[in-house]
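Got a structure for you, written out below as structure tokens; questions coming shortly.
Letters A, B, C and D name the chains as they come in the text, with residue numbers starting at 1 for each one.
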Amino acid sequence: MTILDKRTELTTAGASLASFSRDLYARGWMPGTSGNLSVRIPVGHGETALITASGRDKGSLTEDDMVAVHAQTGDVLVPGSLKASAETSIHAAVYAATEARAVIHVHSPYATVMACRTGESDRTTSLRLERFELLKGLGLDDPSRTEIPVFRNWPQVQMIADEVDEHLGTHPDAAPGLLIADHGITTWGKDLAQARNRLECFEAICQLLVLGAMDS
Amino acid sequence: MTILDKRTELTTAGASLASFSRDLYARGWMPGTSGNLSVRIPVGHGETALITASGRDKGSLTEDDMVAVHAQTGDVLVPGSLKASAETSIHAAVYAATEARAVIHVHSPYATVMACRTGESDRTTSLRLERFELLKGLGLDDPSRTEIPVFRNWPQVQMIADEVDEHLGTHPDAAPGLLIADHGITTWGKDLAQARNRLECFEAICQLLVLGAMDS
Amino acid sequence: MTILDKRTELTTAGASLASFSRDLYARGWMPGTSGNLSVRIPVGHGETALITASGRDKGSLTEDDMVAVHAQTGDVLVPGSLKASAETSIHAAVYAATEARAVIHVHSPYATVMACRTGESDRTTSLRLERFELLKGLGLDDPSRTEIPVFRNWPQVQMIADEVDEHLGTHPDAAPGLLIADHGITTWGKDLAQARNRLECFEAICQLLVLGAMDS
Amino acid sequence: MTILDKRTELTTAGASLASFSRDLYARGWMPGTSGNLSVRIPVGHGETALITASGRDKGSLTEDDMVAVHAQTGDVLVPGSLKASAETSIHAAVYAATEARAVIHVHSPYATVMACRTGESDRTTSLRLERFELLKGLGLDDPSRTEIPVFRNWPQVQMIADEVDEHLGTHPDAAPGLLIADHGITTWGKDLAQARNRLECFEAICQLLVLGAMDS
């Protein structure tokens, strides 16, 4: 890949990140300036990830609001005026442990309710999901049930990232999503569309749970 | 009907399926790549159904994402690169038992909550609907009440289709809709607009139930 | 007013009815082909009302989908291929008893939940609304509280209309809205915008009630 | 700043107010003609605020539907045909006590439910918010928790404004938002985008509360 090819690929990826951000913002899943999206791009012997900048309105992002970082460490590649998302280290932990090419983190309402209800302050817990047909949208080996981890919402984001890293390292068949207590949901996939599709399935399943699908 | 006429009709039907899919996706009723739509087209002595392909984003379908199948068996007519929806056999069961010209299957939230609450794992159950004015939107002989079946969500879709086939065969005056436990809703009508209108009525009635309309 | 003026006014009114219908449909307040809107137009010594035709998709209405009726009787003025809304007599009852120039009937979810919860099968009841700031949007003399009637959902629409007529005739200071049990809400005002604004206030107040604003 | 500059700035600010109003109306957060927005503009030795006019549809505002008032008193600067929002004095109280350059008041559903549940008729109360990640979107010194006041919904708006003025004067580190019992929410920030972002965070937090995020 030439430098010119790489630049073109980064521009295309940036426009795609902006477009997905605007769409997810319009659904109400990124209140204020919350949430962040990234894509991983193989470059030469290394790997770059492009991630949404910190503190921007997610409803009016453009391709210029992205920051290039090292995919598996989250280190900023070219220091500039933009600051990478405060949660870059969580994206990096997912890239280090999985084959994912895109990661999405949002505060969609129903997944966040379940993250609040099932999270605890002194340990990682999990949310068991079973029976729902929509589990088939997650790419699981056995779509009849899964568990997704609910991590503590450490004020130090790196500590969340470390727990994500350890969890995914020891659970190679983990579902492509995780919750952070009182915080929100993170999903991933081979591209932004797949990460977004899986996010939709998780959010819809959590909506069913909150609306009382499993009562009685 | 000449071959050219048929080709034009299929193209028009495909564009219509794509348009209805994008609309239903935008409402949040087709999370991920879930849901499927079809239309039945009389051709010569036989009948063709055009159905959405498997695994596609429902928010960005075009007329090229459709597969032609035998309407009453679901067999693919012209093998190609596209795979017909995994739930084609359920559409075929509806076409075999009714006069429907269009079938819509989605995971709209309120109908799915009711499908979860009322479904059981060892038998077909039913959801009784009565009193609601919106029952008049279903084309029933007696709009004051109806029951819609809730089928088991067999992992083998053909088993669901067989139960649908048997149910509709023995209930010629059945309402134009059915639920599958933990899964979603399927509706039908003389065209996509009518199937969509009936879907809206079912979903609105289920929303009333979930929001506690019958609490007192 | 010349015949030409009248024709222009009817065309303009028809376009406005279509536009408001599409908007209310897009909110999910007119599932299937439900709901109906009308405007009253003074003509010479009489009064005409233009009302949405029966059985049409409310999301794709045009100015050609309207029927001219006598405002205070609901009788069709020029018999044609279009059928006036099945609930025309309720609009006529409102026009006969009030100064309203526009009437809107929809099945918005929260007002309908309250219509289900508070309605009874053997008598007219009422829903008491108090304290909510949004009551100021209803044009009441005393915006601190009001009561809106909940009529029985007679299968014979004329019987609903008769009860509406009697109620409004004996309550000259009635709030500009009414509920029909298990059915929906009807509001009115000096024009479509005001009837729609009042509908929004009623629906928002009912949403607060359903979401538990008055718990504890 | 020349008179011409000021005129240009007012026109730009008016267009921005109209645009934010239309967006918030489309979300259903300004039912009927409810809600009001303003921006503060430094001019010479004084300060002007531009605020939405009273009684207008918030979904169809233009830059011509704004009224210029004294920022810290709310007095209308140039009497004309438009009436300033009935709640101008609350905006003025915020401008007098804080550095805010923009104020937004809406009746968004979840914040209003919490305003109904926590408000009382005989004293100012407060709503405690803690743990939620979205608290980071409010610009607090300590984002782990905050309290927002819930004022009585006095029929005399000036009395609400007086209580807001007193509260903010004695709580210099107050969160950028307040509730009024049975009424709605008011937020502020350095510009409309920030006030809107904070509103989104408050509304999302209230949604989590209403949906039962803290149930266990």
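Operating definition for what follows: a contact is a pair of C-beta atoms (placed from the backbone, for glycine too) under 8 Å apart; a residue touches a chain by one contact, two chains touch by 3 or more.
Here is each chain with its UniProt name: A, B, C, D = Methylthioribulose-1-phosphate dehydratase.
The structure presented is a predicted model; accordingly, all values stated were derived computationally and were not measured.
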item: Chain D and chain C - chains in contact with each; value: none
item: Type of chain A:chain D copy interface by residue overlap (half), same or different; value: different
item: Distance from the mean Cα position of chain D to that of chain B, given in whole angstrom; value: 46
item: Whole-Å separation of chain centres (CA-atom averages), chain B against chain C; value: 32
item: Chain A residues counted as touching two or more neighbouring chains; value: none
item: Set of all touching chain pairs, with the criterion as stated earlier; value: A-B, A-D, B-C, C-D
item: Chain A-touching residues of chain D, taken from the complex the two chains share; value: 27, 131-134, 136-137, 144, 193, 197-198, 200-201, 203-204, 207-208, 211-216
item: Chain A-touching residues of chain B, taken from the complex the two chains share; value: 28, 31-34, 57, 107, 109-110, 112-113, 116-117, 153, 155, 180, 182-184, 210
